[in-house]
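After the C-alpha cells below, expect a handful of questions from me.
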Amino acid sequence: MMARLTSLPEAVAELVGDGDCVALEGFTHLIPFAAGHEIIRQRRRDLSLVRLTPDLVYDQMIGMGCARKLIFSWGGNPGVGSLHRFRDAVERGWPASLELEEHSHAGLTNRYVAGASGLPFGVLRGYAGTGLMEQRSSVARVRCPFTGEELAAVPALRPDVAVIHAQQADRDGNVQIWGITGVQKEAVLAATRSLVTVEEVVDDLALRPGGIVLPSWVVTAVAEVPGGAQPSYAAGYSQRDNGFYQGWDAISRDRERFQAWMQTNVVERASHAAGRL
Amino acid sequence: MSLTNRAGTEPGRTTDSYTPDEMMTVAAARSLPDGAVCFVGIGAPSTAANLARATHSPRLVLVYESGTIGAKPAWLPLSIGDGELADTADSVVSVPEIFNYWLQAGRIDVGFLGAAQIDRLANLNTTVIGDYDDPEVRLPGAGGAPEISASCRQVIVMMRHSRRSFVDRLDFRTSVGFGDGPSDRRRLGLTGGGPSVVITDLGLLHPDPRSCELTLTHLHPGVVLDQVVEATGWPLAVSADLRTTDPPTAFELDHLRRLAAARQ
Amino acid sequence: MMARLTSLPEAVAELVGDGDCVALEGFTHLIPFAAGHEIIRQRRRDLSLVRLTPDLVYDQMIGMGCARKLIFSWGGNPGVGSLHRFRDAVERGWPASLELEEHSHAGLTNRYVAGASGLPFGVLRGYAGTGLMEQRSSVARVRCPFTGEELAAVPALRPDVAVIHAQQADRDGNVQIWGITGVQKEAVLAATRSLVTVEEVVDDLALRPGGIVLPSWVVTAVAEVPGGAQPSYAAGYSQRDNGFYQGWDAISRDRERFQAWMQTNVVERASHAAGRL
Amino acid sequence: MSLTNRAGTEPGRTTDSYTPDEMMTVAAARSLPDGAVCFVGIGAPSTAANLARATHSPRLVLVYESGTIGAKPAWLPLSIGDGELADTADSVVSVPEIFNYWLQAGRIDVGFLGAAQIDRLANLNTTVIGDYDDPEVRLPGAGGAPEISASCRQVIVMMRHSRRSFVDRLDFRTSVGFGDGPSDRRRLGLTGGGPSVVITDLGLLHPDPRSCELTLTHLHPGVVLDQVVEATGWPLAVSADLRTTDPPTAFELDHLRRLAAARQ
C-alpha cells in the first residue's frame, strides 16, 4: 500500500478521529504545526496526545480543548519557560482537566522503539529511585535472566496516528527527513496510521547527507504544506522563529488573549495558509 | 539578584563588574576539563559548556539530547534542537540512539542538570511544586534528567541558591542524586558517579565523601556564609576548609559576554 | 580520548591479544580483510571470533589456526557455497577444533545492540521452537511484564576488540562509513577497544548521503589501509571482486593449496601491501 | 537435473526448452503479487523476485537483510550486500534496524527461504547434516531464516526435490514451519502466517488447511506423480485435485535469461 498524496484537511478528516491516540512528533526541529492547527480547526476532541516534548502546538491544542490526556516527558517552551495553557489545564482544569502519563525522554523513546519493533515492551536503565515509577508512568521492572539485574520495562506505544513534518516527498509518497530527526521514524513505524506533511513534493528524492527515508508503503498519507513546521523550522528550508517562541509566553499567559490569537491566526485562517504565521 | 562584585584584573585591562549568574557560569565552565564529553541542556549549562570551549577547553565535546554529537555552535542556541547545533555537529543521530547508545551506555563524562528543587543529597525535582495531583506549579517534567543523573560519570548541578529551591524535602523526586544515602546509587543500579558539585550563584557545594550530604566548600567573592545558610532550607554542612572562589577573569567575562551577545 | 592514527601492524600488535574476543565486522560490504591478514601474520592464537557472517577472512583465520571459538549466525561464501576451512575445522578438527556458539542474525545483532546500549541483555521475537535454543546459543526466555508474552533474551556482547573497515577518517580520527553499514557501529560501541582501517585519511570529513560518523573519542586506533576491504569492497572506492569469492571455493577446498596460497599471498606479503590482492 | 520440457508458446515466437530450475523460478515469481514487500535471500529467491519485478510485478518491494529497502538491481547480485543493491535502494538502514523495525515488526508480506532439509510440516534445516556435535556436513547456519519464518505474513520455500532434502525427520530444526502441528505457531508466539507454498523443481506443495501437512497440489509439466513420491522421504499427501503447473511462457523465459545473463 502506497501513501496517498492528498490535502491536509482531507488527510486530517480521514486519519484523525475523536478519542484517538495521536503523536505529533518532532524534536524542536520539524514540528508539525500546520497539522496541529488543522486538527484544531476540525475541532477534534478527547485526543490522547503523545510527544516527548509537547511544546507550543500542544499548548495550543490543549488550550483549544482537543486533548483528554497527555503522554509526555518534557512540557515546556524550550529556552523560554512554561507552557501556560498546559499549566492552566493541569493546575486549574481549564478548559478541561488533562490526564497525565509522564516519562523520562529515554523511557518514552523506548516505548516508541518497542512499538516500532513489534515488541510488547522495551528495556532501559531508568526510573529507579525516582517518583516516576509511581506516577501513572506505566513502568514495570524486569530482571535480566543472565545477570539478575533489575531494569525498567516500558510498554510498547502504538498510537492510532503519527503525524510528522518532513522536508520532501516524491510523487510515490516516499519521504525524506534530514537534520535533527528525533524519534519521528519510530513514531511513524509504531503507529497504525501516519500523516506526513512536507515542505515540497519533488520529482527525484535524492538522498541528502544525514537524510533518512520513510518508504511510501509505511506512510498512509502525504500532504504538501510549505512552511508547515513554522514557527519551528525545516533544515534546508527555513530557520527557527525564536522570536515567536519568546513572544508566545505573553500571548499564552492570558486565557482571553490566547483565545483571540487562536481565533485570528488559526481558526479563521484557511487551511492552505496553515503554518505560514 | 542584585549582588555585584568586582572581577579579577588582567594587566593592561580595565576590570569589570559581574553578576552572580556570571560567576556561576564561569565556575561551571572551569569545572570542564579539555576533551571531556558533556551532555548539555539548554540555558546556563549550554552557556557554561560553550564558555569552556571558547576558553580553556577547546576540545570539549558537546552532546545535546536532540542527537547532535560534537556540536560547535558559533552562538548560543535558544533550544537544544536549533539548526546551528546540527549544522556544526560531528554527527547527528536519532533520539533513541542518543539515549540508548550514548547516554545509557556510559559514554558521557559530565552531565549538567538544573532543577526547581534540590535536597541535601542532591536529589532533584523538575516535576511539580505542591501535590502531584493538585499542583501549585506544574513544572516541565523529567526530560533527559533521570538518565543523565543515572548514567553520566559525574553530574554538575547549576541552580540559583534560595530557600525555595534548596529544600528540606522535595515535592517530587524526578532525578536521583544520592537517593536516601551513600549506598543508594549502587542499590538502585545507577551506573554513573552521581553529582560531583552543585554550583550556585552564592558558592560551591560538594557531596561529603562519606555521607554524600552536600557541603559548602566555596563562597563566591563578596558572599558571606550567613547568606548561604539563610538561602538553604536545611541545616547546611560547611567545610572546615571553606574557601573563596576565584573571581571571573576579564578573559572569562569577555568571552562569556561575547557568547551572550551572539545569542540568537 | 581521541583515536590514534597509527599503522596497521602497530595497531594489531597493541590492540589484539592472544585469547581475545575479537569481532571483525562487515556485512558483505567493508569487510576488514587487511586487518584479518595482519592478525594472521602476527600469529594470534585462541581468539574467540565474532561475526554475523563469517566469510572468507574468517575462513582464512580459522584455517591458519587463529581461532578457538566462533560466535556467528551464517557461515558461508555468499552466493558461492561452503566455507571449506570452517567446515574442515568443525567436521574434522583441522587445524584445531572450533567451539561454536551460533545464533540467528537477529539474535546476534541484538547481542551487539545490548552491548552498545550498556544493557545486560536484549529482547527479541526469536528462537522459539528452533534447535538454536539448546545449542550453546546462550539464549534465555523473558516474560513481558505487561502482556505475559514470552520472548527471547540474549546476553549483551562486549568484545575485547572490534575491527572494522571504513571509507574515511579525518586527522582527528573521526570515521565515516557509507553504503551498507551493517552492524559495525554497534560492534565498535559494544567493544572495549576498536581498530578502524580506512581507505583514506582526509582533511575534511564532509558527510555523505547515507553516511554515519563514529566520533574519534569512541575509536581507539585508525590505520590508513587503502584497499583494506578487498576482495570485498568499499562503496565509492572499489567494486566487490566477485571472481575472487568464486575462485576461493577451489583454493580453500584443499588444505595444501590453501596453505600455499596463504603463505604466498598473506604471510609473506608486507603489511603495507595488505588488502591489495 | 536432466529433466527438460517444452515451454508454452506465444504467437509468432519460437518456443524454447527450459530447465526444471527455470520452471521453479518462474513458479516462484508468479506467486509474488504486485506491490508486495518481499524479504529476499540470495540465489533462487533473488532471481525469482527480480523476475517478478521485470514482468508482472513492477512495484514489488525488495528488502535484503543487508539493510537495503526497495532495491531495484539492474542485474542479479552475487551477494546480499552487493553495491548494486545499496545504490538502487529507496533506503539503506543498519542491520539492527532491518531485523527489529522491519522484519520483526511484521512489515514484510513475503519471505523466501531455502534449506538443506525440509519435513512434512515445512520445518527447515540449514544448520547441520548428521549429529550437531559431530556433523557429517556443517551447513552455513541460521542467518535470517528463523525470524523470516517467524515474522513474515507468508513464507515461500524454494528447494530442489530429493529424498535427501525432503526428509522424515530433520537433523536440526533451524526454522519453524508449522512446528509439531497446526496450533504450534500460535503456542510459540510466531506472529507471521508460516509457509504458504513449497516450490520445487518437480511441483508445488501447499500446507493442508487443517493438518498443515505439505500436500502436493501441482506437478510441473512433464513430471509424473511417481517421481515426486519417490523424491519425498515421507508418505506424500497428494491433493485430490492435482493439477499441472502452467509452463513458463516465452516472455517469462526471456526475462529470466536476460537477468541470468546480466548476473555480475
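Residue numbering begins at 1 within each chain, and the chains themselves are lettered A, B, C and D in the order written.
By definition in this document, contacts are C-beta pairs under 8 Å (C-beta built on N, C-alpha and C of every residue); 3 or more make two chains touch, one makes a residue touch a chain.
Note that the structure is a prediction, hence the values are computed from the model and not measured.
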Given chain B and chain C, the chains that contact each of them: A
Chain A and chain D, separation of their C-alpha mean positions in angstrom: 41
Whole-Å gap between the CA centroids of chain B and chain D: 59
Centroid distance [mean C-alpha coordinates] between chain B and chain A, Å: 29
Multi-chain contact sites of chain B, meaning residues that touch two or more partners: 100, 104, 151, 191
Residues of chain C engaged with two or more neighbouring chains: 118-119, 124-125, 149, 151, 185-186, 210
Chain-chain contacts as defined at top: A-B, A-C, A-D, B-C, C-D
Contact footprint of chain D on chain C as seen in their complex: 27-29, 52-53, 72-76, 78-80, 82-83, 86-87, 90-91, 102-106, 109-110, 112-113, 124-132, 135, 149-151, 179-183, 185-186, 210, 233, 235, 239-240, 242, 245-246
Contacting residues of chain C [partner chain B, same complex]: 1-2, 116-119, 174, 185-186, 189, 212-215, 217-218
Contact footprint of chain C on chain B as seen in their complex: 35, 37, 59, 61, 69-70, 90-91, 100-101, 104-107, 151, 191
Chain A to chain C touching residues, read off their complex: 118-125, 140-142, 144-147, 149, 151, 153, 155, 206-211
Residues of chain B touching chain A in the complex: 42-43, 65-68, 77-83, 85-87, 92, 94-96, 99-100, 103-104, 127, 132, 135-147, 150-151, 172-176, 179, 184, 188-191, 264
